[in-house]
Amino acid sequence: MFKSVGLVARYDKKHAIKLAEELAQYLKTKGLKVYIEDTLAGKINAQGKLVPLANMKTDFIITIGGDGTILRTCIAVPKPEPPILAINMGVRGFLTEVEPKNACVAVEKCLNGEYKIEKCAKLALSTGGEAAPDALNDVVISAGEPSKILYTQIFKDEKPILKCQADGLIVSTQTGSTGYSLSAGGPVLDKEVDAFVLTPICSLTVFHSIVFPADSKVTIKAIRPKKVLVLIDGNYRLATAKEPTLTVTRSKNVTSFIRFKDDFYNRLRSRLLFKGTG
Amino acid sequence: MFKSVGLVARYDKKHAIKLAEELAQYLKTKGLKVYIEDTLAGKINAQGKLVPLANMKTDFIITIGGDGTILRTCIAVPKPEPPILAINMGVRGFLTEVEPKNACVAVEKCLNGEYKIEKCAKLALSTGGEAAPDALNDVVISAGEPSKILYTQIFKDEKPILKCQADGLIVSTQTGSTGYSLSAGGPVLDKEVDAFVLTPICSLTVFHSIVFPADSKVTIKAIRPKKVLVLIDGNYRLATAKEPTLTVTRSKNVTSFIRFKDDFYNRLRSRLLFKGTG
Amino acid sequence: MFKSVGLVARYDKKHAIKLAEELAQYLKTKGLKVYIEDTLAGKINAQGKLVPLANMKTDFIITIGGDGTILRTCIAVPKPEPPILAINMGVRGFLTEVEPKNACVAVEKCLNGEYKIEKCAKLALSTGGEAAPDALNDVVISAGEPSKILYTQIFKDEKPILKCQADGLIVSTQTGSTGYSLSAGGPVLDKEVDAFVLTPICSLTVFHSIVFPADSKVTIKAIRPKKVLVLIDGNYRLATAKEPTLTVTRSKNVTSFIRFKDDFYNRLRSRLLFKGTG
Amino acid sequence: MFKSVGLVARYDKKHAIKLAEELAQYLKTKGLKVYIEDTLAGKINAQGKLVPLANMKTDFIITIGGDGTILRTCIAVPKPEPPILAINMGVRGFLTEVEPKNACVAVEKCLNGEYKIEKCAKLALSTGGEAAPDALNDVVISAGEPSKILYTQIFKDEKPILKCQADGLIVSTQTGSTGYSLSAGGPVLDKEVDAFVLTPICSLTVFHSIVFPADSKVTIKAIRPKKVLVLIDGNYRLATAKEPTLTVTRSKNVTSFIRFKDDFYNRLRSRLLFKGTG
C-alpha cells in the first residue's frame, strides 16, 4: 500500500505544473503524504512538502514530463528507487506509460494495487575519479564535440578486445537500446535479454555494435584526446581524470516502472516511426 | 582419447585434397581409424573408409576448407556432433582455427589433449512442413530473390510484436552474428551472451535488429508472397508449405570446435576488415 | 492536346478495374481514343481497343496501381514514352500522383493542360547478351538468392576502381534512389542532381554507396559465381552470358510523369515513414 | 614556374619539423623564396621568412602532416589558394599525396612541372553572424555535444523540404564525402559528380543522406536548442547568432592539390579499410 508519493514535473511547461497541482490535491484527499520536487518551488500552488530529489524517500514517484524527466529522477532519488508512474508530457516519451488525460485513472489504479512492476537493469560506472550515478539508459564517452575523434581501447573482463576511433562510444542497457544507441545504428535489446550493448558513434574505423552478457565487465580506456566527456543518461556530466579508464558493469540497482499492460513492442513501434514534433 | 577421426575437405581444391591425404596418412600412423567423406571418392588417394557425412560417427572431425565446409558438415553429421578441428583453406575462414602449414602440429596437439572445446549454440527451426536441421550460423527466410519484398509478421513467445517488409529476415546465433547478419547491418553478439538476433535484409519499413533472450521462441509468419525460400546456414534449402510459419528456438544441440587459444575478437577483427580475395 | 490515351490497371484488384472502366467511359465522352492494356481482356467491361503495352502509342497513359504497375509500363511501352498519369492503387505508391477519389478531377486537369511534366532520367544497360530495356528505378545484379555472395569488379570509364563481395549491387537513378537502394542503405538523390548511385546489398567487405556523375560509364564484371541474376526495375529479368560484364550509362530516353504540384520531398517523407499495409 | 613556396608542418612532431628543415634547405638551393608558417618559430632551424598562414601568398604550398594540417591551411591562406603538395605525416592522411621518404623526389617533380592539378570544390557558408571561411571537407552543425538533440528545418532553394532531429547535420563536398560524412553513414561522392551531400549524425527521426546538385542553396534553420555549434572542416568554430539560419552553397573558390597520379579510388580503399594507429 502506497502511503507517500513524490511528484516530479517539468517546470518549463504550464500544463505539467497544472497536472501536478491536480494530482497533489487528489492524492492528499486519498490520504497520502505528498512530496514535491523543490525545483517547483514558487511555481506550483499545492499543499505538499518541497524536497530535493535526493531526499525523496517515498513509496512511489509520479513523473510528469518526457524521458528526460524520468532519467534525471532516476539519477537523483535515494536507492533503492521507488517505483515510477510516468505521465507523458514530453517531446520524447518512449519510457512513459500514461497520457495526461488518463492520469487520474492511472493513479487510482496505482492506489488500488492494479498494476505490474517492470524492473529495468541499470549500468554501474566506475572510474578513478568522481563517483558516478547508475545509468538507466546509457553511458556515453566522447571527445566532447562532433567530428572530434576519440581513440579508445576496449577490454572485456580485463582482456583487450578492440580499438576504436569514433566520435564516441555508447554503452546502453536494454532500456537505452531504443534510445541514443538506436540512433547511432545499434540493435534493439528485448527487455528480457540479459545483456548490454556497446555502440560506436560515427566510427572512423570499421566497428559494429557488440552485445555483451550482463555479467561482463567492459572497460574503455581513452587513449586520445586526454580530456573526454562522460555523460550518464544524457543528463549527468562526469568529471574524469586525464586519459580516464571507465569500467561498466551491471548495477545492483534497478529502476522500477509502474505498468498497466505489457507493451514494450508498442513503445518500440512508436519509437521507430517517431516523427518528432514537426 | 581420440580413436577415430573423420576427414572432410573441399573437393574443388587440389591443395585441400593433398592435405587430406597427408593427414590421413599421419593419423593412420598414430593408430586412429580414419573415415573420409565419400564426396572425395575417386579424388583422394588415401587409406580410410569412405562414408557419407550422415554416417560419420567419429571421435572428432577435421575439416579442410572454409566456413562453407564447416557449415555443411555440422548440418549433416550425426548428433551429438563430434568436435571439429577446422583447417582454413577457404575464401572465408572466420570459423576456422588453423592455417594449413600448421595443420600437423595442430593435429598432434589434438591427439595429446592440448586443446579447449568451444561450444557454440545452434538454432532449432520448426515448421509445419519438412523437418529441418539445426543452424550453427543462421536461418534466412526470404522471398527468394533480391528486391522482391517478403511481408511477415513476427511473434515472440506467441505474442505478435512487429510486422516487417523486407527482402528477408535473418535469425542468427552468436556464431552467425559475425556472418550474414553483420553484412545486413546486425550487431556482433559476444560468444558468451545468451541470446540470438533477428536482422532484416534491406527493410522497406523502418526496422532494426532485435536481440532476443536464448530461451525465446520467435515465430515468423509469411504473409506475402505465398512461397518463400528458407535457407539454413546458407547451405540447406528447406521446402515449406505455402504461407509458412517458422518457429525458431535455441536447439538442444551444440557444435563443438577444437581451439588452441581464445581468439573470438581476433577472428572478429579479421572479419571486420575482410578484403575478400581481391 | 491529348487525343488518345492508354489505360493500364492492376488486373488483380477489382477496384482498379472498376476505376479503369469509369475512366474509359469518361475519356470516351471527352472524345479521346481509348486503348486498354490487353491483360485486362475478359476482365474489364469497357469500350476501348485492347492492345499490348508494346503497341500502346498514345498521347498519354493512365496507370491505376502502385509503383510496380508504373515500372512495368515504362519498360514495355514504345519509345519515346508518352507521359504517365499515375493513380495510386497499390501498396507502395511512391511514384504515383493521384489518389483514386481524385482520379476524375486529375484527368480533367490533364485534358485542360493544367499540369507539369516531370522528366525522370533512366539507365541504359548493355551486356554481351540480350538487349535490355532501360531502367527507371534500378538495375540489380545479384547471385540470385540471399546470402549467396556475388563477387564483382567495378570499373568507372573503363578504369578498375573497386572490388566488392556482396549479395548484389544496385545501380539506381534519382527516382530509384528512394526505392530499393534506400532500403539497402543508399542515399536519396535529389531529383535535380545529375548523377546515379551504386549501392551494395549486404556487403561482406567494407563498401559504401558511390554517387557517380550522370555521364559516367559504370561497368560491373561478375567474377563469381558464373551465373548471375540481373533485374531491371524489379520486373524484367535479363538472361546473361556466363561471367557477364554489365555496363550502365544514362539512357537517352526519359520517363515523363504528369504532376500537378512539385512534391518530391512530400513523397520522400511518406517513403521514409512507410508503415506498409500492416 | 614556381618561384616561391610556403612550408606548413605539424609543430607537435619532430619528424615533420626535421623534414621541413630539409625541404627549406633544398628549395633555397633551387632558388625559391621560402616562407615558413610562423607557428614553427623557435622550433625550426631554417632560413626562410616566418609568416602567418593568412599572409602566405606563395606559388605553391607544401604541407607536412595529415588531413588536419591541410584543412587548417586551406581555411587560412589568402584566396585564390595556391596549389598544395601534401606530404603525409599524420594519423589520417587521406588527402595527402606523398610519403615522407618520397618528399624530395616529389618536390623536384613539382619544380619540373611534372604534375597534375586536382581542383576540389568548396562550400560557402553564410549566416546572419560572423563571416565564415569556405569548407574543403564539411560544415557541421550540432547541439555541441553527443546525445543532445538538434532540431532543425531544412530548405532547398528557399523551399522547406524536411525536418530533422539528430545530434547534428553534416554538409559535405565530394572531398569531404570520404571523411566525417562517411563515418556518419553517408555515401561516397565520386570526385567528378557535381553535387554535395547532407548527412545526419545519429538521427532520432528516420532520415537519410541527401545528395543535392552543386548549384543548390541548402538552408538549415536551427529550431532547438537556441545555441548551436558550427564547425568548418573540423577546425574552425563559428560563433553564431541565437537560433541561427545557415545557408550553404558551392563556393567560387577551389582548393588545388598537386597530384602525380589519379588515385581517388586508391585513397578511397585505404579510407574504407582504415585501421587507425592501433
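Order of writing sets the labels: A, B, C and D. Residues in every chain begin at 1.
Methods note: a contact is a pair of C-beta atoms (placed from the backbone, for glycine too) under 8 Å apart; a residue touches a chain by one contact, two chains touch by 3 or more.
Bear in mind that the values here come from a model prediction, so they are computed numbers and not experimental data.
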Joint neighbours of subunit D and subunit C, given as chain labels: A, B
Interface sides of subunit B and subunit C: same vs different residues, half threshold: same
Rounded Å distance, subunit B centre to subunit C centre (Cα mean): 38
Subunit A-subunit C separation of Cα centroids, rounded to whole Å: 46
Residues of subunit B engaged with two or more neighbouring chains: 185, 206, 272-273, 275
For the subunit D and subunit A complex, residues of the former touching the latter: 92, 138, 140, 142, 144-148, 151, 153, 163-168, 170, 180, 183-185, 201-206, 229, 231, 234, 272-278
Complex interface listing, subunit C residues touching subunit D: 156, 161-162, 177, 182, 185-190, 192-195, 197, 206-213, 216, 265, 268-269, 272-273
Subunit D-touching residues of subunit B, taken from the complex the two chains share: 206, 273, 275
